[in-house]
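Questions regarding the structure given below will be posed in turn.
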Amino acid sequence: MIVARSLFSTFRSAPGATLATLAIAALFAYAFLVPLFTADPFQLAGMSIMDSFTPPLWMDGGNPAFPLGADDQGRNIITAMAYGLRTSIVVGVSAVLIGLVLGGALGLLAGFVGGRTDAVIMRIADVQLAYPALLLAMVIDGIATAVVGRERSATLAIAIVIFAIGIAFWVQFARTIRSSVLVERDQDYVAAAQITGRSKLAIVMWHILPNVMAPVLVIATINLGIAIITEATLSFLGIGIPLTHPSLGALIRNGNAFLQSGEWWISAWPCLVLVVLVIAVNVLGDHLRDHFNPKLRGRS
Amino acid sequence: MMEQPLLSVRHLSIGLSRQGTQLPVLNDVSFDVAPGEVLGVVGESGAGKSVAGAAIIDLLVPPLRRTAGEIALRGDRLDLMSPRQMHRVRGKRVGFIFQDPMTSLNPVLSIGKQLKDTMRTHLRLGSSELHGRALDWVTRVGLPNPERILKAAPHELSGGQRQRIVIALALCAEPEIVIADEPTTALDVSVQAQMLDLMRLLHKETGTAMVLITHDLGVVAKMADRVAVFYAGRLIEIASTRALFQSPRHPYTAGLIGATPAPDGQGGMQVVAIPGAMPGVDALPPGCAFHPRCPRAQADCRTVVPPLVVLGTGEAACLHPLPERTAA
Amino acid sequence: MILHFVERVLQTILVLLVISFVAFMLISTLGDPLGVLLPPDATIAERNALIARLNLDQPLLQRFWSFVMGILQGDFGLSYRTQQDVGAMIAERLPATVELAFVSLLITIVLAIPAGILCGVKPKTLVSRAIMLVSIAGITLPNFVIGILLIAVFSVHLGWFPSFGRGTVVELGNWTTGLLTVSGWQAIILPAFTLASFQMTFVIRMLRTQLMEVGHSEHIRFARARGLSETRVWFVYAIRNALLPTVTMLGLQLGNIIAFSVVTESVFAWPGLGSLFLQSVQSADIPVIAIYLIFVGAVYMLINLAVELSYPLIDPRLKRRSA
């Protein structure tokens, strides 16, 4: 509570972070509210070939029903983007959660068991640093394709992408939680509480939880930005989420084909939404980092 | 009192900008340095002595900046010079010896490179001449094997060796005056004495005037012709070394000397430590800044800022100065 | 020094062996090479020949050994997708990627280093602020968005540069180069800028931070006190201290740069290793993916090893005695 209140009060002195938070809230509302009132444009019923390539309202041939224009299948861009944004957000958040759970478990294990287990886990972490999230996600996608084949349901494709991105994030979480465990593990109160019969793991968990909350929140926010970009890139490259259940990246990929022929709006709007979302998440992440790390505060 | 000062500082004030306000770090300070003279500048840390030294060649680091005052070197007004003109004064006419030899040499460039770069900037010399002079300077500051030293990187030398290089760097363009800011403070006690001997030797050889900034009265007693005492951003007493140690007129100076052994062992000065601490620039008391700690303070000391006035052979800023003592 | 060198080289070799093992396990456990590579009407003899070619009749560790030995001799195995030798496929694609990386590095050096120095030396000027503002884009914009943006403006709208391909290439022995023709240079500009955008941002921001830090150090103040010109103070005395951490950090970002090369090559249909990798991912061509993994790991490790071992050239503090 106290943390939350003091964090809230810092927003007043940081207009950028406030703006970013508002932008994120607005985009979330857009992504989750619009689909409640509109038909899924990626089902046959949502398309209308007659309206395909309708330009934005203010251009010649604009149609008030399609303020930002329509794509090659006559989908309303505003509706399509809401669905795409929703998928992007769900994938991004889930991937970070997977990284958090995996990293948390491995970090606890490494810090708690120590010795060879710790060494192996941390060496794997070191080696994985050579492979950034994007590259790793591509490899995992390739492996998944080898196992289940390219023809897979949209749900499975989304699950694979979430897993592929999430697995890249465990290292940072694991390192943070491991170092916290190492600090707490040998404290006297742990031994004392053990005598009363409580499990050592439970005690340490109880004590590190408040300490790791802040850094974990910061890492999660920064990784959310990376996860969203990574998903968009994978889908743009055509190895992520199929267009039957699109994300922003898939929409941009679809629109990119029409860039040469002048229908810029099909790719430009999803690009814009993606960029605004990523910048807002990054600004918020920077703000959280500065807030929770007083050492860095005040430096440019 | 001096006919032709080499360096003349008049009404120098330095401010520290903090949140829109100016805190006075140095307040209306005036002094002269004669050709070939060594002026010791003493005071506690925070008294303003180092910023006064830096201000002379415009080396103040923001948020510090000069707010008033004139600085003249042989009549040339340093305070009016453009940055370009200032570059030709620094190193060439005014040398500067920095305090910490561990941080004042560039860690990634060889000693020879730093020495030759400095000479090349100010002197018209061919490369073989430059090399010869560089070797010469390394020898003059008392380092063995000069060829090896020139090739060495700073981290390969000891603290004392590095400070010798710093001295060579300050003197190599043959300046008219050297400002030495705590040149021995960062060194081991055993090396301090060697460094003072070296500086005395070089001073005798070159005849360069010197402003020696230090908090160590022992160093001043050994080196200086005259001494200026700073307290809380003001110059409170200036006199010849002999007169100052024999008969300090400001109670602060007296207390300062009281806390150190007399220079010639026969002073018979009573050892009195001064109670309290020097106020910071953000908490200066009204009147004489020393009055809360002064055993001689009277009512007027709390309201009147004492001006620097001639007292005997020196000058002091005190409303109720100590009487002059003659040698026993 | 020599001991340290040997230790670091051994470490690198060990890590590369581990990566190779992971890659090998991928190849040996995933997919059915015989089913993929053999035509349906293959004879027993053909089948046995392939088994021998792929060493499938040997125990796992021995197969790993021949896998590593094969790589060292340039035998990277067979692609499931094209049934070609992976080594030949890589050799064919390598020039395009190397030239792209080279030109983007050139752009980085020519543009980002002076910009970073400017931002570090005069952080308050309008130009510096503008550079910092634009550089935020390089960090936050996804790489493919930058590519699309450049295509939209310089290719579609202005028509200055092509949006895909390498232009006319010239054969030089085993190497094809696009750097000897006008159309080759026109074609490489946009992808090279797209790839460079990340590195440039990184270099500018690192240099700025480092220079601002070095600018406040005592030795720079002392250099000024000796009357050295501002140009000399910044370009000779400060830059060396700032460059080392910048290069180190850039080396650690190499993985990202390689990943971005895949994206860039895909956006501009650049016929390099990145698009080869992408095609392999799309068609689950495990041998190529595995070899690419090893390749990326090796490039990352070797370049970072080279950076680390070259420290003493830049910073004499890191030169051990008894060298």
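As written, the chain order gives the labels A, B and C, with residue 1 at the start of each chain.
Everything that follows uses one rule, which is that a contact is a pair of C-beta atoms (placed from the backbone, for glycine too) under 8 Å apart; a residue touches a chain by one contact, two chains touch by 3 or more.
These figures come from a predicted structure and were not determined experimentally.
*Asks:* Measuring from the mean of all protein Cα atoms shown, which chain centre lies nearest?
*Replies:* So the chain sitting closest to the middle is C.
*Asks:* Could you let me know which interface, A-C or B-C, is made of more C-beta pairs in contact?
*Replies:* Greater number of contacting C-beta pairs: A-C.
*Asks:* What chain lies farthest away from chain B once each centre is taken as the mean of the Cα atoms?
*Replies:* Farthest chain from chain B, going by C-alpha centroids: A.
*Asks:* Taking the mean of the C-alpha atoms as each chain's centre, how many Å separate chain A from chain B?
*Replies:* 60
*Asks:* Can you compute the centre-to-centre distance for chain B and chain C, using the mean CA position of each chain? Integer Å is fine.
*Replies:* Computed value for the inter-centroid distance: 54 Å.
*Asks:* Report the inter-centroid distance (CA atoms only) between chain A and chain C in whole Å.
*Replies:* 25
*Asks:* Quick one: in the complex, what on chain A touches chain C?
*Replies:* Against chain C, chain A makes touches at 127, 129-132, 134-135, 138-139, 141-143, 145-147, 149-150, 225, 229, 232-233, 236-239, 252, 256, 259-260, 262, 264, 267-268, 271, 274-275, 278-279, 282, 300.
*Asks:* In the complex, go through chain C and note every residue touching chain B.
*Replies:* 216-230, 232, 236-237, 240-241, 244, 314-317, 319
*Asks:* Quick one: in the complex, what on chain C touches chain A?
*Replies:* Counting only chain C, the residues touching chain A are 15, 18-19, 26, 30-31, 123, 136, 139-145, 148-149, 151-152, 156, 163, 209, 212, 252, 254-256, 258-260, 262-263, 266, 277-278, 280-286, 289, 293, 296-297, 300-301.
*Asks:* For the complex, which residues does chain B have touching chain C?
*Replies:* Counting only chain B, the residues touching chain C are 57, 59, 61, 83, 87-92, 95-96, 98, 100, 103-110, 114, 117-118, 121-122, 153, 155-156, 166, 169-170, 173.
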